[in-house]
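What follows are several structures.
Paired with chain B in one complex and with chain C in the other, chain A is shared by the two complexes that follow.
On to the complex of A and B.
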């Protein structure tokens, strides 16, 4: 079977790519659900506070960015954890990754089904997005990372659509009060957890380091990406509060896209259909880059990372992933009412990976450096 | 080269018998014996359809008749004289338009280049017309084309490397670049690509491009074809290569990006604001020509709710008596449009008016009256067709058509989502393309912010101080002295 070169390193990426990657990975899917979980105006402070915490976490990520070991890729991981250790870690990482892929794709395709094609079987929608994701992934890691700049330019401007919600007659300033919490419930903690989980994503950049290369000002770029994301979270949440008000916010399943439905334009009504379709850019990109990570991880687990990749292996893993995705859509996603098990799992797993992965890698690097001395 | 050396290199020594055999059954081949200084015999061999008879008389016959010099070499009044010794050299020389002279007394063979120049006058470009700016364009004469570029860039660093491609066509190819400015990596890549070519016939630069391109199965051109010397001069100045091919007026420019195909020489003549506006209009037109018809199919098939009420009434009325679904209606109209476009290219120019009448009145009006198509679609097809011609590069326009059909199919299955998926696919494809191993979608991907000054807009010339970063030129600044 034909050998494939998915993981070639031919391009050098400058710091702006870190900004794009951090920001777009933080704007994936959970951000569209956030308002339903946060509900109360005082959660604005929660977004700011968790954003600041995320910034501290990014300092750890940036320290990992300067590690020569991680830049080496697989060889570096072997030096850090040993061959067997890398296989075990890759295996654990695959479980986290697969849940993230499944929840992102199934969750977003549910939204597409809800807004764009309510009468179509969602499996067809999932299949079409997966096929396109495979096409993008098949172009290789280099091209997929480079694609993020196109994705950013094609999707970033959509945040501008929420500005009309900040002005009367839609906006009512009273909906923004009280800004000081009168009570702090379990739901509030869950909201905080969701914000943290939404901000997860930059930890995956650590496995992209061999492609991103050594960056002199990584913290600056990571911080810009994170700051843009937090600003976008705030804009979306405040717009949702102003539009729905706290009393009705939790009644809406997809508040951000639902409020876009009320925008008028002389050419199109139902701009939400257009926006939901355009957001697919981000989902396809995320799927393809995670898919490449997944296949790379799978090769490490199977002990074949040093052999040239085969098209058969890639295709088999794609088919397997598609089958898993469609089965889970049929068995779990389609039939749930309220928050489903997979979504709940990903909120926890996303928060966990973002909290632990950078510290874990940094500790391992420091330990290795100490041993060398 | 002596006979022993020739045999070791597999070459045949030149002889009059071998030449006579080679030129047998060629009615335009001439073998003439003349006398020089009365007692010396000279044999002249040439192909009369390839040489200039007047120059033959002036440069060879008359000097030989006068016999003022001791040797034949001194007698010939031409600078393009070279000694030859093998049959292979003789064959190449004869086919280039040389006269071969044999001096039996000295056992020497000479070739004198006196080729007939079958050249047409320098005319203005028909494929890249502009209102203002230089009007000259390339012709089929390679040397003339080189001259036109050299006059614009009178530099000794402007190098011109000559190659021959095609085992039967022996097409001359000249690669031009500015030494010390163009990245040597491009020059090496292009040189090795040309040298590696092994094919028989090259009648046009597009044939050469097909062998040099990095991605054979892409619909997008990876080399810019132009017949404008000013476009070539600009490309050379910013760090690209120009490849001229004999017997064709179209030069190749590489490496290019997708966005270069949207640039017109007139962009640099208009005021920058006007040029920028026109450039944005071009991109918009390209986009419209791709999605307008698929959007009609998507909206009228899947997303009626997206159409404002007033427009919906017009659409419903227009489509109420049609026997076809929006997809089939659009597909038939697009195929008809393509037939008309192709016919307009192939038909004699005097029949153009007839075609306009048939296309515009008969097909446009009659299909609506007959109930085969809606008026809304006719309007959209018209806009889409005109919009597609705004792209200065005709090859992109043709690629555009193919993509449009793809989007049409996607829109019929998945509506607006299908179009977006199609756009994602096309952008991913563009992102992965390369031209001469350089990214095709720069400065968007890879992202070079400074390069944007001459992509979507055309910035003021005096602010465009540096050459595009993505071309990695050896001289970054365009000013001789930094300001």
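On to the complex of A and C.
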């Protein structure tokens, strides 16, 4: 079998790629459901507050960005944690990754299945996304990261679709009242957790560092990406509240999609289908980049990361992932409790990785530096 | 290497075709073979069933037929239509749901939910309450106006678009939002169907999902002015022999403990006058102005009192109790208060004079 070169580094990336990566990874899937869980107008403040917290977290991420060790990739990790340590950490990372991949793809496909092809077997839809993702992934890490600019251009403009909702007759100021929480329940805390979890994603940039290369002003780009995401969250959420009112909002399964469905265009009646379809760019991107991370992680766990990659191994892991995806779709995602369980799991795991990974890496780097001194 | 990828992907897809063992597309939407119906009309059927009817085929040059079925469930009707008609009926273009008054009085929730959860049905579906027999009307008009269903849809769309105050046109989404939001009342337009005529009657108010009462005539016009559209293209007042046109309104509501002041500013112009006054004279025009004002104040007060009796608040006066920093009132608490409210209605009418005074 020929060796494959998925992980070659051929060129450096501009800082704007960091903006795109951060923003699109934060706009992945939860943002489409967010409004249903947040429901109350006072959650606007929660989005702002959690956005600010995320900014603080990004300062930690940017500190890691300037570390030489992480830039070196696998060698750097070995220096940091030792060979066995890297294998264990990679193993744990794989679990987080696989849940994220599964929830993103299955969640998106459920939406497509519900709105666009209700009579189609959803496994077909999943298969089609996976095939697209494999194609992108097979182009290598460099090209996949480059692909994010296409993704950004294809999906970013959609936020403009929510502007009609800010004007009468849809908008009424009373829908935004009361702006302060009149009661704070367990559900509200879960809403906060969901926002934090939706904002997760930039921590995965840390393992992309060898490709992204040394960035001079990484904090600036990370912050811009984060700020765009928070602004988009706010726009979407306020528009959803104005459109549904907070008591009707939790009855909608896919609030963003239902809002877009309400819009009328003289040329194209179902703008929502256009939106759902274009979202596939983002899902394919996320899937392929996580897939590459997954395969890379798998190689570390197997202790083969220094040998040249082989096509067989890549294809086998693709097939395995496809099988896992379809089995999970059949057994778990199709049932109501199963979906909720996986969503809940991903909310917690996403929140956890975003909270812990940057500080964990930073601590390890600091410790290493102190040992050197 | 490239070939290997292609081969493995082909094998992969082949495996899945075998595993699932079915073609991916089940629905057949070949346009020549389907009938994307524009409306459904729901009436009380025999033995507690629903009688639903629709007109087929829509917008094809073919003899039109009215299909009717007696069913327990809405979608059951959709299925039965397919069994008696050679085209498959599709709901993707459903634009109007006409519900008979008797059905609406029992509650619309179950019917509306069926359409709400169907992703094919647009949230812009117009909901209409029918008094009388719509089926007979359509049946009677089949030869005279073959595309009647489409033209009715265009009528709703026309009046919805710019909110001109002629009719209260409500779509599925707005109805659902009003239904679920506290301190607001769902309302729908009411049309009266006779054998030869289809006439706008007024606005029907709902308590929860059941129709309670209808405001018609001047009541409906005041309703449009005060809440729904804040605009009236024409307001004829026969008792004063005057027609006022292009009326815009600004409503200010001040709520106190047991009273509510409703102050309305109106801007408009007299478009027609057939009475005895010389409206080109400033003093007499002012007199007419005062008469219109008294007339509107009286009828508005009457309408508000009627609404109190019906225990509905479609003008959403209760929403004025909401502030950014307090917990909103519950529906029950507001209704309690609503029935006790004393109203003070004031109109401030600014009707443009016909001639500038020198």
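Keep this in mind: the second predicted complex is superposed on the first by the 370 of 373 C-alpha atoms of A that agree within 3 Å, B and C clash if a C-alpha of one lies under 4 Å from a C-alpha of the other, contacts with A are read in each partner's own complex, and residues count from 1 in each chain.
By our rule, a contact is a pair of C-beta atoms (placed from the backbone, for glycine too) under 8 Å apart; a residue touches a chain by one contact, two chains touch by 3 or more.
Just so it is clear, the structure is predicted and the values come from calculations on it, not from any experiment.
In the superposition on chain A, A:127 contacts chain C only, with no contact to chain B. Of the two partner chains placed around the shared chain by superposition, chain C is the only one that A:258 touches, whereas chain B remains out of contact.
In the superposition on chain A, contact is made by A:284 with chain B only, not with chain C. With both structures placed on the common chain, the touch criterion links A:114 to chain C but leaves chain B unconnected.
Shared interface residues of chain A, touching chain B in one complex and chain C in the other, are 117. Chain B makes touch with chain A in their complex at residues 302-303, 305-308, 414-421, 424-425, 427-428, 431-432, 439, 441, 444-447, 449. Taken together, the chain C residues at the contact with chain A in this complex read 1, 4-5, 8-9, 12-13, 16, 20, 22, 24-27, 119-120, 122-124, 163, 173, 176-177, 179-182, 316, 319, 322-328.
Of all residues in chain A, those touching chain C in their complex are 2, 4, 114-115, 117-121, 123-124, 127, 131, 134, 138, 169, 174-180, 182-183, 243-245, 247-248, 251, 258, 261-262, 264, 311, 315, 318-319, 322, 326. Listing the residues of chain A that touch chain B in their complex gives 11, 13-14, 16-17, 20, 112, 116-117, 125, 128-129, 132, 135-136, 139-140, 143, 146-147, 149-150, 153-154, 266-270, 273-274, 277-278, 280-281, 284.
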